[in-house]
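First the structure, in the form of C-alpha cells, and then the observations on it.
To keep things simple, chains are lettered A, B, C and D as they appear, and every chain counts its residues starting from 1.
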Amino acid sequence: MRTGVWLVGARGSVATTSIVGGLALRAGLAGPTGCVTELPELRGPALPAFADLVFGGHDVATTPLCKRAEALATAGVLPGRLVAALPDELAAVEEELRPAPGVGSQAERAAAIVRDLTDFRDRHRLDRVVVVNVSATEPTATAHPAHADPATLRDALTGPDEVLPASSLYAYAALTAGCPYVDFTPSTGARLPALHTLAVERGLPYAGHDGKTGETLVKSVLAPMFAMRHLTVRSWSGINLLGGGDGANLADPAANAAKVESKQRVLGETLGYVPQGGTRIDYVEELGDFKTAWDLITFSGFLGTGMRMEFTWHGCDSALAAPLVLDLARLTAAAHAAGRVGPLTDLAFFFKDPLGSPTHSLGEQWTRLAEFTRALHTGRESADGQAG
Amino acid sequence: MRTGVWLVGARGSVATTSIVGGLALRAGLAGPTGCVTELPELRGPALPAFADLVFGGHDVATTPLCKRAEALATAGVLPGRLVAALPDELAAVEEELRPAPGVGSQAERAAAIVRDLTDFRDRHRLDRVVVVNVSATEPTATAHPAHADPATLRDALTGPDEVLPASSLYAYAALTAGCPYVDFTPSTGARLPALHTLAVERGLPYAGHDGKTGETLVKSVLAPMFAMRHLTVRSWSGINLLGGGDGANLADPAANAAKVESKQRVLGETLGYVPQGGTRIDYVEELGDFKTAWDLITFSGFLGTGMRMEFTWHGCDSALAAPLVLDLARLTAAAHAAGRVGPLTDLAFFFKDPLGSPTHSLGEQWTRLAEFTRALHTGRESADGQAG
Amino acid sequence: MRTGVWLVGARGSVATTSIVGGLALRAGLAGPTGCVTELPELRGPALPAFADLVFGGHDVATTPLCKRAEALATAGVLPGRLVAALPDELAAVEEELRPAPGVGSQAERAAAIVRDLTDFRDRHRLDRVVVVNVSATEPTATAHPAHADPATLRDALTGPDEVLPASSLYAYAALTAGCPYVDFTPSTGARLPALHTLAVERGLPYAGHDGKTGETLVKSVLAPMFAMRHLTVRSWSGINLLGGGDGANLADPAANAAKVESKQRVLGETLGYVPQGGTRIDYVEELGDFKTAWDLITFSGFLGTGMRMEFTWHGCDSALAAPLVLDLARLTAAAHAAGRVGPLTDLAFFFKDPLGSPTHSLGEQWTRLAEFTRALHTGRESADGQAG
Amino acid sequence: MRTGVWLVGARGSVATTSIVGGLALRAGLAGPTGCVTELPELRGPALPAFADLVFGGHDVATTPLCKRAEALATAGVLPGRLVAALPDELAAVEEELRPAPGVGSQAERAAAIVRDLTDFRDRHRLDRVVVVNVSATEPTATAHPAHADPATLRDALTGPDEVLPASSLYAYAALTAGCPYVDFTPSTGARLPALHTLAVERGLPYAGHDGKTGETLVKSVLAPMFAMRHLTVRSWSGINLLGGGDGANLADPAANAAKVESKQRVLGETLGYVPQGGTRIDYVEELGDFKTAWDLITFSGFLGTGMRMEFTWHGCDSALAAPLVLDLARLTAAAHAAGRVGPLTDLAFFFKDPLGSPTHSLGEQWTRLAEFTRALHTGRESADGQAG
C-alpha cells in the first residue's frame, strides 16, 4: 500500500524530523522507538509499511531540507550520522516539496494545493495521500457564515476575503483532492461544519487536534490517577519554557491562548471540576527544541490533609512528535483504506484536544486505539461502528 | 451488614488514622475523600456502610489511642478538631484493643488471637470480622518446611520454634477464626502454601501486599505511559525520605530490602525490561509522617534522542493509607459475603506487590477492580470466576 | 531605648506576624529564629531590646488583629498556642492601631498621620518611632513635578491632586514627624528627590526596598556562585505561585510589573549581562501564605558544555518577612540614634531592590551589614562615613 | 614562565578534558569559560599563560588520549570539532604520557616517578612542574607508623609493604622531585605528617582536597544563606546519580564513604550544627559524565514555621572540573614561584574538603582567593604571611 505523507510545514522541525526518521526507518538505520504503531498491540497488516511511505509537502519557507536537518542534528534533536547517511534520500524528498500557494483568491490557492496533491499521487502512483498539518500554529480563527456548509464555502472562497484560516484551506484542498487530513497542530483545520460535511460527502476520514507530546501527556496519566484515588486536586499550575520555531510562534499571545486552552481542558474533563491554577508558555530561545515544563499539583486527601506533587519534564518536542506523525499517517491511511469516514475519534490517544468528546485518560484512549487498530487489521468494524 | 475491622498494629499511624477517619465518617464529620469505594464506579449495596464498621485490634504498644490521635493531629496528619469531637467514640474503640499475645508457643499465641477475634465478633454480634495487618514491616522471613501445608504447620506451631513470622501467625489465627485477612504491609502474611490451603479449606478470601500510597502509585501510571508511547526508559532512580514509626522501622536494612524489592517490581513487569537505577529509602526523623520521594527517569525517544523527567511527591503516608484500609475492609467483607475464596487478585489496584501475576498498570487495575465490585453489587460472579 | 514600631498595613499578614512574634519574644515564648540581629556577628548594645519595642500602625482594613492572628494560625503561619497565650498583649496593640486617613487633601491626610505618630510617641514616651511600610504593593507611580523638592511638594499636597502615592505620603508624614522610614514593599516610599532632601534636612535615615524573602534571596547567592565560577548563565526563568493578600494584590498586572522588575535586577547587576528568561508571578488562592517558586537556570561551562539547575522554594512569606521587619526596626532605630542620615545603603542585605547601587551578592551584603552594625555598637562611624 | 602540568590519571575524563581545553585555549579555539583565573579579580602577571602550559602524566590505563577525547565528544562533554582540530597537539601530549610504575618496592616506584618528572622538566626546559592528581579515588587509607616523618617513611618504602596509598606515593615522588603537588581527588595525597614535613623541607607548596564541582558547590552558597538569615536547617538530604569512570569507582562502598564524608563536612562547619539527613552516591551508568544531584532541605523560620527547598543539579562533572585543574596548576605554579611553602589554604575555594580549617562559605573563600592572588601579582606576601 504505497502511501503519500504530505506535510504542511514540511521544512519545520517536526516535519524534518519525521522525514529523516521515516527515511532512516526505511533504510534500516534506526529502530521505531516512539512509534506506537510498532508496539505488539498495534502492529499488523492493515498499516502501510515504513518502506511504503513517500514524503512531500508545502512550506512558506525555502530553507533546504538538508540544512534544516543539519541544524536539528547540531541541536541534538537528530543524530548527525543519520543526516550524513541519507543525502540522496533527502535530496529526493526536497524535489517533492512545493512552495505554499500565496497568491490569488483562496479558491485559486486551494486549486493549486489540489494540483500539487494530485500530481504527487500520480507521479508516485500512490494508493492514497494523507495530508498532515505540522505548520506553525495559527491564532484562534474568526467565525464566518460560509463555514456552515460546503456549497456556501466554495462560493465564498472565490471572493476577496480570507474566509478560511490557512489550516482549513489546506484541509479543504486535501478533502477536495480525496485525501484524508490530520491536524497535528491546535489550529482549526477540518473542525468546521462545512469541512466535516465535505469529508463525509467524499467518504474521507480526518483526525486531530494538537499532538500530545509533553506536559499534557503526563497530565493525561496523572489526572486520572488522582481521580481514581478519589483525591481532590486543589490546584494545578504549570509553566512551559521552550525555544525553537514553535516557541517563537507561541510567544505570540494569540497563538499561545489557543494552545493554553487546549492544555487546560484535560483537567476539567478528567476530574469533573477545574482546579485552581493555570498553564503558562514562555519563549526562551536558548532552550531550542528541548522544552522544560514544570507543574505543581496541590491536592488534599483523607480528612483534608494537604499534599503536593511537582514534576519537571525535559523533552525534545520534535523527537516526541515525529514518530506520532508517522503513526498518524499510517493509521489514517489504513482507516481510509477500510472505508472509515469523518472524525477518527479513536485516535484521541495522540492529541491534546481530541475530536469528539472522548475521555482524556491515556489508559482509556489506549484501549480504544488498540480496539480500533485491531478492527482495521481483522477487517471488522470498530466497536462503535464507525465504518463507512 | 455489621462488619468488624480488626487492625493488627492498632495503635500505629495508619491504624489510628483509619479509626479516627472511620469514626468521623460515621458521625458525618468528614467526607470520604481518598476512599475509592465511594467513587460512583464502585459505590453500591454490597459494601458495608461506614456506619456498620466496628473497630478493634492488637498492638504490642500501649500508648492510648487518643494520645496517638492527638500526636497525629499535632503533626498535621489529622485535623485536631476531629480528635476533639470524638472522645467517647475513641474511648469505645480503646476498649476493643488487646495486647498482642507474647508468651507461650506460637500455637498458644495463635489460640489467644483466635479468642480475641471470636470474642470481638460475638460481643458486637458482627456478621464477620476482617483482619487487616497494619503493623510494623517485618524483615524478610526465613523458609520453614512446615510452611507447606496446614497439618504440618499446626503441629510445628506447638513446638518451641518461631515457625511463622508475626504477620503469618496473625493470618493463621484469622483464618482459623473464620476471618478474611488483608495484608497492607510487605510482610509475608498469608503468602505461604499452608495458609493458602487453609483459606481455601475454610472458604475465606485474603488480600495483599503492601499498600500503594506514594512513589509506587505514581510509577504505576508513569511507567505505562512510557510503555504506551514506545519510549525506552533508560534509568529510573529514586529516593524516599521519611520519618514516622514506619520510617524508623524501614531504616533497618532488612525491612528496607523487603520494601525496596516490592517497589522495583512494578517497573520490570510494566516495561518488559528493567531500566538502570534503583530506589533508596532513608529515614529522616524530622519529616515525620510526610514523606518526600524524588524520582529521576531518563528515557530515549525517536532516533535515540535522550530526554528526562523528574518528580517530587510530598505525601502524608497515613492520610493516603487510611482510606484504603477502609476500602479494603469493605471490599473484602463483601467478597467474603459473596463467597469469594482465596487470593483476591482483583484488588491489585491497592497494592505495590499484588497477589497473583496481574498487571501493574493502575488503569488496568482500576478496570479490574470496577468489574469485580460491579459483580459483587449485582450478585454475579466476577469475570474470572472466582466465586466460591 | 524605648522604640516605637509603626506599621503601615498593620492588619496585614506580615504586620500581624511581626506583632505576634515581637510580643512572643518579649514574653519569652519564642526564640529569635529568623532574626538576623540576634546572630553573634550582629548582636550588641546599640540595638533596642525586643522588650523595648512598642507596636502601633495604620490600616485601611478593620479586621481585629486577633482575628487576623487566628486566621494566620489556622493557615499554619503562626503557632496557635502563641495567639492563645497573648490575648491581653494583642488587645493592647489593637488599641494602638488607627484607620488610614482617607479624606481631605493629601496635606490634610499627611497631617493626620503626623498626629497619629506624635501622639503614639508621646503616649508611650518613646525615644523614637520607626515607620515601616508593610501595606499592599502599589502600582508603579506616575511622576509629578512636585516630586523634585520639599517646598514644591508641600505646596502641591494642599491641592486636589493625588500628588504622592500612598507609600510616599506615609514617608512624607513620617519624616515630617521626625521618624525614620523603612519601605519593606516595592512601592515608591521615600525614593523621591523631595523626600530624600526632606530626610537630610531633618537628619533622618531611611531604608528600602522590598523585603528579600524567597526566590530573590536564593538568586542572591546562586547568581554570585555562577559569576565566581566564571560560568555563563544562558537563561534564568522562574515562576512564583502564591495566594494570600499579597498574592491577590500582585495578580493585578501593574503591581506585578513593579515586583517582577525588582526581581530581575539582581541577575543583570550580579552577572554583568542579562540572561534570557523572565519571572512570572501567578495568584493561586489555595496556596495561601505558602509560596512556591520554581526556577530553571541553564548555563554553559568549559568549552561550551550546556548544563542546568532548577530549584523549588516552598516558603511561608510572612514567617520569612516578619523577623526582618523587627531587624529593620531595630537597626534603623540604632542608626537614627547614632545620627545616620539619608539612605541606609548598608541594609541592602534585607532588600530585593536596595537603595544605592550596591552589590546584589548576599555574601558581600552580609559583610557590609556586619561592619555597619559593628560601627553602631562601637560608636564609630561606618566604613563609608555615613554618620551625620 | 614555562610550566609543566603533570596529571596523575592522565587518560581519565577530567584529565583529558583539561588537556583538550588547555590545547584549545592555547590555539585560540575556545574561551576561558569556567576558568576562574581569567576573571578580572584574579587575572594578572604572576600566573603562567595558557600558552606556557605543557602537559604530561601517568596512567595505569593505555587507551590513546585521542580515543578518550573522541569518546568524551560523543558523550557531549567536549565539542567534537575541537578534538578534530587538534590532532597533532594531542599526539604530542600522547608522547608525554607514561605508564604508572607498577613493579618493585614503593621506593623503586617512587624513583621511577621522580625520573619521569625530572626528564619531563628537562626535556621541555620547564621552570617548574605542578603535579595534579586526577586519578581514581582511593579507598580510605590505613594508618602506618612510617607516616610520621620523612626519614622513617623513606626507610619503610624500601620494604615489601604498601606503606603509602598511590596518591601519597605520587605526592612523595613529586615533592622529592621538587614539584608542587595538588590533589583534586578525596584521596590522602600529601595529607600525612611525613609529607607535610617533606614539603616544608623542600620549600614546596601543596593543595587539596577534592574538587568542588557540583552539589557541594551549591551547598557552599546555600548553607551560608540559611546561616546568614538565622534560619534553622532541620534536614538536608541528597542523592547523587552519576555514571562515568568516577561513578563506577564510587560505586565501591569504600571510595563512596570517603567522598560522602567530605561532602557532609560543609554543612556542620557552616551551620554550627549537623542537620538530619545524609548524602547518597549511586552509580547509574547511563548518565555518563552528566551527574544529577537532588537535595531536599527542610528548615524552620520565625516562630518555628516549617519550610522547604529542593534543587536539582544536572552538571557535566568533567566540564566543571577541567578548568579548575588549569586554574590550580596556574595558581600553584605562581605560589611556588613566589616562594609559598606548605598547605595553600587560600585555595579552599576549589575544594570540597580544603586543607586547613577555613570557612566553607564560597563567598569568604572567594575573598581569600582574591587576596591571595592579588598578593602573588603584586609580589607582596599574602594576608596571613604564608610566603617562604
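In this text, contacts are C-beta pairs under 8 Å (C-beta built on N, C-alpha and C of every residue); 3 or more make two chains touch, one makes a residue touch a chain.
From a predicted model like this one, the values you see are computed outputs, not experimental measurements.
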Find the geometric centre of each of subunit A and subunit D from their Cα atoms only, then give the gap between the two centres in Å, rounded to an integer. 51
What is the distance in Å between the mean C-alpha positions of subunit C and subunit D? 43
Could you check subunit D for residues that touch two or more other chains and list them? 76, 310, 312
So with touch defined the way it is at the top, what topology do the chains form here? Options are line, ring, star, complete, other. ring
Considering every pair of chains, which are in touch? A-B, A-C, B-D, C-D
Under the definition above, what is the set of subunit A residues touching subunit C in their complex? 234-235, 237, 239, 241, 276-278, 280, 282, 284-287, 292, 294, 296, 298, 310, 312
Could you please specify the touching residues of subunit C with respect to subunit D in the complex? 17, 20-21, 24, 30, 32-36, 38-39, 76-79, 82, 217-218, 220-222, 224-225, 228-232, 290, 300-305, 307-316, 319-320, 322-323, 349, 361-364, 366
